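Each in structure tokens, the structures are laid out below.
Look at the two complexes coming up: chain A is in both, with chain B in one and chain C in the other.
Let's look at the complex of A and B:
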């Protein structure tokens, strides 16, 4: 049967393959090549070795500054979102009324787009700060915590749904047995619940880490990097390097390659580490 | 008794939390009926007297952003991209599972790899390629979404297809079906739950996507996120009244979609995570 199927390659694979080549593979390869050249329109590219990579760090300190900002943001968001989402998921497994209603409410922000989310929170945060004579762009600290709050608001419901599914999959007889053996709540949580939901933890960490690092729309709408690019995350810095003035396209592409490598290494390292824990348990 | 008390405490906690989740959207809704100058100064008051402007923010916003056509383009691009993704990536996934050779395994790993690459890595070159190939229009962008959505979608479909027994497909072949007929009459109906999950995850992404459509078709065709952002950058100071109205109009389709498909969306998101 495999032989007959093989002849149908053009029908089954070609449309996806062609789209994948055009939208991803060719641009990706071009992107890597162009990061070693100076160019404005692609066709005028001239080879310049690693100079774009050097310039990404030496032209100004915006790239390093945005990287550091992004790392701080990601660490706080990943920990905060996962702890709160997991705690909420545990609440949902108790016999409380109206859990469906709460689940609906908590998940909803995740469906709203990043641009819209950014402007919603801009109004709220500016409304509060206005009373003290400030706005979100008067101090980078406000923008930072604004982004952290926004990210929590958006992702907690999503992660909670995944954790609930994980907790519900734990066989009830294990929990019963633990209770019969006299295990207290903390023991059950750390010895049974958390090890059993390791697959959920793996995926939730993966989603929150990658989404935190790649954040763009929310950043653009909430502060657009203001004041003075101090609340600019890596994705926005790369975008501005490309498009805010001509002559820096090569540097922008080099930054993009570095960004890709950082995200890939962190994501794969995290998957490797948490997957190993899954096997042990 | 202690358990009951604890549950009450938790229940109150959930109510407070839920209120905090609804609050920002409620504020935007209230402000969409307020005069534009009082929005930034006092967003937490209700619109009374002169402050209440009826629907004028909506009228102004719709006019300035071309919201109606933005809604149309968002709907067009999302619906047809999802259709293309479901049809083609599911067929591709079936082929990858059923035909095992070097090429299909390289293709599979390349697709999985594409999932972790940040968009900034390819944004400049991809919009150039789209431009050269004349894909910078609402039809062409569907092909681009098929290419970008292929990673997650093929990954999820292959995960499910691996569990489909070969026996039923062989039976269909013996009955004289060619692979195309076998796929659509026998295999695809079994894939339906996964297809719903794939459709939901991709809808959440494509409907809200800003940068890709902005770079590829943004100068000629605005989708909803582009129209909202345009209000900010279009001219000097932002008309906060129109902005509030546009935020509300952007949220309404999402809420309608959510309320109708809630059961599938929550199941789909959880199922999508398990496969990941």
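Let's look at the complex of A and C:
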């Protein structure tokens, strides 16, 4: 066994490992190192210790403001997307006509890139708001709900597919047994379906949480933070810190490291909590 | 038997990995010129030029164009690569300050010799590091056909007879407000085009308009012949003394606009220029670079001979005889870290562009540049109506043109803050007082 692993290592692991190193590990380590330095381009850094981390919070309150905005957005998106996706999955696993057709339709928004989606929704939302003499930048609330709608539209189809796969995997004999025992629909849902699809829930929660936190292109295309950075999410704030003034590259990098830690802690916590609820089938 | 196969497979995989990683990094011959272009509107012309140059001189020129408003980002990532740009652009003293480690001293080059006014170059410690290549100007562009229509109205309130008699803010205001009262008779939907304030589209206000009041402030504080953009660049604080004047003109723009103030946050510069080109509005604040946008609009109704520029009057005392804003934020620099051969070739390419007959033909007729080089004769000026207006103001000794000093504004973050404060103002979330405060505060905090 071990010999086989060794033998086939160069074929099956090495290419992926190399790509992983080049595209993830090396940039990540460099990023962490750069957060302790002052630099203009990545090749001319000088060490400055923790001052970038201090400046991330003291120079202005944009980082905390956008972090708060992101948290609010993430909470609403995670709940909304998962509830709706799960409901749709339940619907499309019943014997209804044209379920495959609807599954495809709901999945399609996920195939469009974030920037394009952002512009499409900007046009749609502005088209509606124009009637009342406003635009999406008139009020940060519009931008917030615009982002929420956009995210729902994009992610629901994807999560729905994962839930459908989970639901279809539930052994029919359990369901039949429950029905014979006289369980009603609600009992079946909460006692059988949800516990059995726990692995799917783990995955879906993980994907929606991390994606909501990391959201960038949709934010950039839809509002770009307007008005006055009040619809700016953390990723966009990092980007703006890094690029819109000289001497702040290290601060942007420090914000990115802090952001990474926050997202990693939340995601790991969520994995730990939902994993515990998974039942062995 | 199995071993060779797996070895072979792994080699193939590795190779494909390497070729994937190397994708986009074309092998460069050592002397290749790489020009990172700032002007998206000229991208196609530069590509043609590169081809032409390779035919004539046999040196390959690679042209990459950064997307609008993305030059700094693109430059930052491109210059860290092993095949970095050999010619890049800095936007004045602030830009030079950021890239000074990468700028070659080109004091002894022919390109610097060609510059007619040597003061225009960016100098540091006796060296010359960046050279401007285009002179541009902006003001209030107006459609004279509509203006004439207004001045022919029997019941007009203004006693002027034509648009070139407007020589102060008060006169402009009377005319504009009376035009708004007569929109239907004039066949327009607003006097001014949309004051575009969506993100990345607000530079006409946060840089160009703000340039005017700050010019007067710096002019009073400095010696008559000092370089004001440099003074601006060195100022730790601004008083923003003529805030009220900025506000007067800005209010005139938004109150007599084709678009309701609350909708301005979704408008772009292209929208404004289209409104002007289609004859829906009479005036728009912009510069000569926007000619391609006006002429490129399908079904445009503005005739070239009707397009004129007037100064941006803000009601500051002594504004009589004020000209339009003329200057440059386009400076070329040569990358210090590229090879000697690349540096030599890059300079040769630029010298060819601005002094050979082919190059000059492209510059005047395709790029529509008014250049600061002595290799261009008076006859070799671009033929578009806006460039003609710029050179008319440059030659007119009776007016005092305003130099571009916004090149000395502290940072992109400062300009963004001004832009978003203005958006807050038009949407009713901020008063002028707060806008003023955010401008002076942000200036101070960016300079700390």
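By our rule, the second predicted complex is superposed on the first by the 253 of 281 C-alpha atoms of A that agree within 3 Å, B and C clash if a C-alpha of one lies under 4 Å from a C-alpha of the other, contacts with A are read in each partner's own complex, and residues count from 1 in each chain.
Throughout what follows, a residue touches a chain if its C-beta (ideal position, glycine included) is under 8 Å from a C-beta of that chain, and two chains touch if they have at least 3 such contacts.
Predicted model only: the values in this text are computed from it and were never measured.
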| item | value |
| --- | --- |
| Which of chain B and chain C A:42 touches, first, second, both or neither | both |
| Touch count on chain A, higher of chain B and chain C | B |
| Chain B versus chain C as contact partner of A:30, first or second or both or neither | first |
| Touching partner for A:11 - first (chain B), second (chain C), both, neither | both |
| Partner chain in contact with A:246 - chain B first, chain C second, else both or neither | second |
| Which superposed partner A:164 touches (first chain B, second chain C, both, neither) | first |
| First, second, both or neither for A:229, with chain B first and chain C second | second |
| Contacts of A:19 with chain B and chain C, given as first, second, both or neither | both |
| Partner chain(s) touched by A:130 [first = chain B, second = chain C, both, neither] | both |
| Footprint overlap on chain A, where chain B in one structure and chain C in the other make contact | 8, 11, 15, 18-19, 22, 42, 126, 130 |
| Residues of chain C touching chain A in the complex | 2-3, 6-7, 9-10, 13-14, 16-17, 20-21, 72-73, 76, 79-80, 94, 97-98, 101, 197-200, 260, 262-266, 410-414, 416, 420-421, 423-424, 427, 429, 445-446 |
| Chain A residues touching chain B - in the complex, by the definition given at the top | 1-2, 4-6, 8-9, 11-13, 15-28, 30-31, 34, 42, 88, 91, 94-97, 101-116, 119-121, 123-124, 126-127, 130, 153, 157-158, 161-162, 164-165, 199-200, 203-204, 206-207, 210, 213-214, 216-217, 220-221, 234-235, 238-239, 242, 249, 252-253, 256-257, 259-260, 263-264, 267-268 |
| Chain C-touching residues of chain A, taken from the complex the two chains share | 7-8, 10-11, 14-15, 18-19, 22, 40-44, 59-60, 122, 126, 130, 133-139, 223-229, 240, 243-246, 248 |
| Residue ranges of chain B touching chain A (in the complex, touch as defined) | 7, 10-11, 13-14, 17-18, 21-25, 27-28, 31, 39-44, 84, 88-89, 91-92, 94-96, 98-100, 107, 110-111, 114, 116-126, 128-130, 133, 135, 143-148, 150-151, 154, 166, 169-170, 173, 178-180, 183, 204, 207-211, 224-225, 228-229, 232, 240, 243-244, 247, 250-251, 254-255, 257-258, 262, 265-266, 269-270, 273-274, 276 |
